[in-house]
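What follows is chain A paired twice: with chain B in the first complex and chain C in the second.
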Partner chain A sequence: MSAATTSPATTAPGTASARTARVTASLRHGALGKLLILAVAAAVLVPLASAKWASGTWPHALTVDLSGPFGDASTWIVDNRDTHWFFVYFLGHLSNGVVVSVRAVYLCLLALGWTGVTALVTLVAWRVAGLRIAATALISLLVSGVLGMWVPTMQTIALMVVSVLVSIAVGALLGLAGGLSDRMFRLLRPVLDTMQVLPAFAYLLPFVMVFGIGVPAALLATVIYAAPPMARLTALGLRGADAGVLEAVSSLGATGRQRLLTARLPLARKELLLGINQTIMMALSMVVIASMIGAAGLGDRVYQALASVDVGAALAASIPIVLLAVVMDRTTAKAGERLGADKSAGPSWLRGRLVWPAVAVVTALAVVAGRLTGSLVWPTASVIDIAPPVNHFKEWMVDHIYSGIPVLGGTADWAAGFTSWVLNPLRDGLTALPWWGALLIVAALAWVIGTWRTALTATVALAVIGVLGVWVPSMNTLSQVLAALVVTLVVGIGVGVLAAGSARMEKILRPVLDVCQTMPQFVYLIPVVALFGVGRAPAAAAAVVYALPAVIRITTQGLRQVSPAAMESAQSLGATRWQQLRQVQLPLARPALLLAVNQGVVLVLAVVIIGGLVGGGALGYDVVAGLSTGDLGLGMIAGIAIVCLGLMLDRVTQPTDRRAGKGA
Partner chain B sequence: MASTVVDASGTEKSTATTTGSQAEQDAVFAVRHLWKVFGPKAEKVPEDASLAELSAQELREKTGCTAAVRDVSFDVKKGEVFVVMGLSGSGKSTLVRCLTRLIEPTSGDLEMDGEDVRGMDRSGLRELRRHRAAMVFQHFGLLPHRSVLDNVAYGLEIQGVGKAERRARAMETVEKVGLGGLEHRRPGQLSGGQQQRVGLARALTVDPEILLFDEPFSALDPLIRRDMQEEVIRLHKEEGRTMVFITHDLAEALLLGDRIALMRDGKIVQLGTPEEIVGSPADEYVRDFVRDVPREQVLTVRRAMRPAESGEADEGAALAPDTLISDAIEAVARSGGAARVVEDGRCLGIVDHACLLNVVARLDEAAPDHGKAAA
Partner chain C sequence: MTRIRKRTTAVGATALTGAVLLALSGCGKADMTKQTSPFAAAAGTKTVTLSTQTWVGAQSNVAVAKYLLEHELGYRVDTVQVDETPAWDALSQGRVDAIMEDWGHPAQEKLYVDEKKTIARGGDLGVDGHIGWWVPKYWADKHPDVLNWKNLNKYAKELKTAESGDKGQLMDGSPSYVTNDKALVKNLKLDYEVVFAGSEAAQITQMQQFAKEKKPFLTYWYAPHWLFNQLPLKEVKLPKYTDECAKKGEKDPESIDCAYPTTPLQKFLNADFAKGNSSAAKFLKNFKWTTEDQNYVSELIASQHLPADEAAARWVKKNPDVWKKWLPKK
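Up next, the complex of A and B:
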């Protein structure tokens, strides 16, 4: 069994006694014991299994074809959408409500005109987050206008306003329930944890099936995707409230309601704001992706442009997305900091009661000014079309750096090389691997790193993929994930180690990482397509770029948090810097490194799936194809496989103490 | 009922048998056989005599329960400072929380002004917490998002008092505890001592009948602690409010307490005035505890004096019976001769060099101890 080679006894040479000591130590640790148990189980089961269903990939006899039932269900829904009471009286109202409210917000934004919206956004940013962020907001809106993206930007903002409000309401209510009731918390926790690791793509199909393609499906998928962080952080914040304060409040005779309103919620305000921040960022990410299922706006422009590999147009639409993300993130983060700092900063006139009326008055003036000049929508005269020059530049790149550079090769050559030397062998290897072998490896890895529960979940998830009959495309996706993961980890941990060792490096990296972490996943595809063309290698490259910031950050923080006393004692013993790193820092930062791996896997998977849009193939492509051809059965199965793959990858890399560590 | 209050107190309590009804009227809190047991089937422990007798460790091994408060009885009299003192884990903090049922007692009787606290429903209990007993906590328990003034006014806000009125009343207490000028700061911007003044002010603002202190000063620096102790003494002198004060610091207990209940493993091992605790320790544990106390600063000449011999009753300096030994030493040293202990113009006894030295050197311990016990 290949997994057995991970046992420590076979590594590093040493004296016999040292070796036995290691073996007993690892036995005590349990890793070897677990592997032995698995080996015994395998020795019994594998001959049976391979005798019965001898094949490399998942045996056909063990699959269940669900595309028929899913297709029937979707046909039934389409047939009954206008007649069945559930659709007419519940989902119909829901979907109408969504459409009406998004429309209403959009019309408000249009009525305000570009002058009004710009004034309002800038002033609000000024009030809650200060001058610098207000300036960023102003510039961002102007840039969106200049790029000719004013209308799609307003469409996206309208969707965002509604979906964020609904997500926050839903999340806060769930969080309240989880924060106040232990049973609810135990119920919610694993669900929310799991939802956070699932790729955004997996959420699209079920909503399309029920609501059809359109704004309701897009918005509700966004809500489901964006509400969990709010729920999670609300619950954790309410639970983490200082027990001493709560006791003091009770001792003064507060009722339960008073306790909640005057103490618990205010005490959790930091977590609540962090939750709002995360919800906004996830909603933006999803609103952009949901353009595939009918959300108009910036995401739709990117999607259309990517479909025709029009890099210039994609860039023009993605710049406003990035700017929106940065403004929203900074504004909410800064507002949170200010609340946390006990006292709002800034000049006193900005804090008075008259500020909000003043904002309203100035906005009104701006609206009037806009109407008088007769330009409600951004004036077309002041639009700069950047697509042609960008595309021209891309042509130049295709001609000059795609290939044929001496010694270096070229970006397209690299992509081809990566595909043929890394991705193809990996994919072929995974596909050729006997299915029971894959199950065993997953079980062994998950059990050694985590607990028997995580191992069981991971193995079952992989088996479900097989049963669904999408073993081959899943192995293809998995190969892309693994290749991207290895690159991410090597680069990320390397950079993280450097950044932890040098303050200057960290100072340079920090703003870059901040921006990278706020960008929606979709946006990463554009530069990659520009550089490498389409295919599996660009998808993997986008995944690497997307996952790097988180891995670098977690590694740096983990290394930084290593107890200074341990470092000092190593130094005083005369350890070299390399020795310090290898013998003190890295071992002590092990939990952080494991977390970095876990986060890396989750993020890489999310983008590899989206990479189906740019030729990544496999499961992501099945979802896209299912959506575009209306073959919902195919899409749903791929979606479930993505969920299973996500679960499996998360559980395999899930350190044992993660739950305990986050339990505060 | 009062006859059951034997415990370790011995002195005043045992005489309460005769004047039981009067003692109960004076008591703000009357606590009888109070138990607090944590753990599975906690309510079985106090009922079962065989379990109730076990030591803490035996109990845990046998039932998995921990008895934080075991069979505790005492009265808190109107206007006194009642100190509960003990090391950490002795159950004193649990005990004070049981008084307003912040922790629900397992069994026993608990009365405040003759009203059964354990029988109160939620709204009755809330009224008790709102108006009659307020607590000051070791870690302050202030609301970090509110200004000092709003923290102090919080108790009134909970009661539904209007904003203007509660702020005006809060401002008075803010001034009273010496925080004038800081009322618009946030707790995070104050020092530990100042924060505890806010905690104290918050408790005072609701004008409670009784103040409960749970180790309020143990988190503070020694110098600031001294200031705060003096603040409490000053407040007590000015207002005469009843106080229950929890501490692990013997010096603090002796300084503040009119009476001290010394706890160990959930039980009160001795209850008495500071002089009784120091002068007549009930057992080896208490004796150990008070070993390092400078006795001359706690004990009075009443304990040191000997009967006057002929002629002595008219000579020498006159001292009141509650004069501290340290003051008496000074008087005796100055005059060079013995001093008389005089109460209402009657000579109770004589203190001379030998008597005073006996007390300081702990030679008096054995004899008066027995004397007390016999009395």
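Up next, the complex of A and C:
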């Protein structure tokens, strides 16, 4: 999810200074009035509420127990899955279609053999994105083979091909509808906005419930997860077409369809490619997570390795994931850049009309060569086992910093301190907060920063948590999210400021950030426990590691985009570096910083469920428990609560002003 | 003009949806409970899919079964990793053919084996499973009286962690494992807080970390497990397990106040697969070994980090007299 929502192109905050001015202005005028209204409303309602129901945690009288209905539904599905017409005639075909198409792609990949696949991918990358990226692709595939991950990599690619194609088709259709009809756009927008906020895990449960574990559930969940960016960007691209050009085209007598095909779609192609890029990245992250519900491939290898506490083996399976992500991201991004320039890449024999036949011929030659040498799957003789050295390194590192370092203490001591001095007070404070107090605070925060609509959404989201009867665990989760968020922001903005100040620093950071963003979240699990023990502190640590890259990236970009003229003038007035930063750069980059906060919230929340796997407890644990014990009531309710927390936090941290530009 | 176009689009969309639905139902029935994994059996026709659970003992069963099925009977074996309860669901749907090690799921057994008859019993695995509370040997040697639950409260202070607050910490593992620990702590009036590690990986890592520093800990754990070879544990005696207590617990899980039972671990096969009477089904029914056998393989996989296949190969080479009996007679 991170790679998608925070890829540089989407998060560019745009015309920073103009927005800052508007945001501050609206804040100054509106805030007081809004708070006043809220205070009046509170004065009337709170005594009523606390008289009728007790203060403290959410009153029991106001909860609805949904675990019964969920349980019934799941029993009904199990009983009727092989007889009811809806399953047999509709969902059955859907699931069959998924199985057949994934199998077809997989068999094709196996038939091409490792030589064929490598040749094909490299040539396509060369043609589409140039020599450097082709080299990256070649090396990546070879590395996957050397690590002994060829077959799982092919399985993941097969899943990716099908899910990305379906996501793009679905997303493009929705986007087309949204781009052409205003009503559709207004309808789609809040839905897509919301879907972007949801943690990937939340999508898994309903699909498991209907389809059972396995590839169909995993793939359909992936499609639902990865289609929204495509839909959003298609709609935006179509709507953003230059009015003058459209006018000109229609004055030439073009019909609606001609206008769409010859002007609007071509004009939107940059957005379309960006949409494809984001869809691919999101699909990849989801395909990995879906290993929890039986999608085979690289994610499954990571998951299995973790079961035997083998970080080395988990890393061996994660490296191909990261490489796949980098290759696919760079290829589609480069293809997008080149579209405008209209010049094709590659050597001369790869240009012109003969391109695709040439690619086909070379691939065929490679396939024949592979068959002749008799190795369709990667030869086992050339596999290197990196697990032992990696495990040794991990042991060594843990031994040296776990505890007993003079003055600094060890990581275990920090974790204990963090739990006792930050997490516990925060959790106890939030739990002790009267429920109406929490609602009021959220309403006030969301209203001050946004509109009454966002405030209402945020408040309702929080109220739903209470109604579902998971108020206390939700407050526990919220305390972890807030604590992790503060650490993420302090570290992330600090590093971002450093990186913005030095080009070399940014260059060093970039690959590190790329890797952190695409590494499957599971991999952090064991190192984090080894360093911080079991509990909420390691859960927070995993969240920080996961959310940090996006925050650093957005901060760096925001600071970089501050107009050089402003900096110049500050300098000429004799401001020191620190003064420049504090009084010119940071205030001007405010929209970017707000975006960093918002993204930080969303990403930290996405790791809550992983946190459940290392002792974070609360909602994350409930979702894991629901998934692994088939207790759908428990899992779904916790999942909905996480979704509500996400909505609430998003609305509280997202200034409405920015929404106009989000995703564009 | 726009209105007309809108209407045609709407009509078109409806027609298209209708056509798709029709086309789908035109193909006849598609029972998704009979569909297998797209990655199954890419190479040959004879194929078996085994469910492997996250813990290593289960992986050892699967590794050896897989090795023998592939090398002795000429099958291709696929493995799927899923948690216990979803695995039952997958087994009933035929997405996996066998579960090699089950720790007792009465509700699922009743539904799938007795009522729906989609799953068949596959007999004993030969290994007895036991769940309990354990402390490290180095600590128990110094304080032998900790091995009785009645003395646990005396040691609660020593077992405090940041997570458990001012109570002692009793560490539990993955949410998918059978546990009564919360009820036990309450009913036995113990001054402890159950802290869920959330996954076995996290629990093992934490135990190893404690052991490195020779710190005391109390944990939910189970035998057989390879970890015992690396980190010796001693079991804390809980009130004796009785059938009455178990019956009481079945009605109200909150009321349990006795130890966990010792379960002979079971194998389960998909009913159609079992009825097919292929040599693989016969082999899997015959599969039966001992705790020592299983631990030998588990240890190789988990602490020496051998690939499961190689660990299985080593065991197979050493114990031909054990596995020769499993092969169906020709």
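The rule is short, and it goes like this: the second predicted complex is superposed on the first by the 550 of 664 C-alpha atoms of A that agree within 3 Å, B and C clash if a C-alpha of one lies under 4 Å from a C-alpha of the other, contacts with A are read in each partner's own complex, and residues count from 1 in each chain.
Going forward, a contact is a pair of C-beta atoms (placed from the backbone, for glycine too) under 8 Å apart; a residue touches a chain by one contact, two chains touch by 3 or more.
Keep in mind the model is a prediction, meaning the values are calculated, not measured.
Novice: For the combined arrangement obtained by superposing on chain A, do chain B and chain C clash, or do they fit?
Specialist: On the superposed model, which is not a single observed complex, chain B and chain C fit side by side.
Novice: When the two structures are overlaid on chain A, which partner does A:Val245 contact: first (chain B), second (chain C), both, or neither?
Specialist: Touch status of A:Val245: first partner only.
Novice: So, does A:Val223 touch the first partner chain B, the second partner chain C, both, or neither?
Specialist: After superposition on chain A, A:Val223 lies in contact with neither partner.
Novice: Let me test your reading of the model: by the given contact rule, A:Arg269 touches which partner, first (chain B), second (chain C), both or neither?
Specialist: After superposition on chain A, A:Arg269 lies in contact with chain B alone.
Novice: So, does A:Gly535 touch the first partner chain B, the second partner chain C, both, or neither?
Specialist: second
Novice: So in the superposed three-chain picture, is A:Ala325 touching just chain B, just chain C, both, or none of them (first/second/both/neither)?
Specialist: So A:Ala325 meets neither chain B nor chain C here.
Novice: Name the contact category of A:Val287: first (chain B only), second (chain C only), both, or neither.
Specialist: A:Val287: touches no partner chain.
Novice: Report for A:Leu489: first if it touches chain B alone, second if chain C alone, otherwise both or neither.
Specialist: Neither partner.
Novice: On chain A, which partner's contacts cover more residues, chain B's or chain C's?
Specialist: On the superposition, C touches more of the residues of chain A.
Novice: Have a look at where A:Gln258 lands relative to chain B and chain C in the superposition and call it first, second, both or neither.
Specialist: first
Novice: For the combined overlay, can you note the least CA distance between chain B and chain C, rounded to whole Å?
Specialist: 9
Novice: Of all the chain A residues, which ones make contact with chain B and with chain C?
Specialist: Touching chain B in the first complex and chain C in the second, no residue of chain A appears in both lists.
Novice: Once bound in the complex, which stretches of chain C touch chain A?
Specialist: Where chain C meets chain A, its residues are 5-6, 21, 24-25, 27, 29-39, 42, 52, 54-56, 59, 80-86, 88-90, 93, 95, 111, 161-163, 165, 171, 174-176, 195-206, 208-209, 212-213, 301-302, 305.
Novice: Which residues of chain A touch chain B in the complex?
Specialist: For this pair, the touching residues of chain A are 242, 244-245, 247-255, 258, 262-263, 266-267, 269, 339, 342-343.
Novice: Would you tell me which residues of chain B are touching chain A in their complex?
Specialist: So the residues of chain B in touch with chain A come to 100, 102, 125-131, 134-135, 137-146, 154-155, 157-159, 186, 188-189, 199, 202, 206.
Novice: Of all residues in chain A, which touch chain C in the complex?
Specialist: Result: residues 78, 81-82, 87-96, 98-100, 102-103, 106-107, 110, 155, 158, 181, 208, 211-216, 256, 291, 293-294, 296, 300, 303-304, 306-310, 312-313, 387-388, 391, 398-399, 402-403, 412, 415-417, 419-420, 424, 525-526, 529-530, 533-538, 611-617, 620-621, 624-625, 627-631 of chain A touch chain C.
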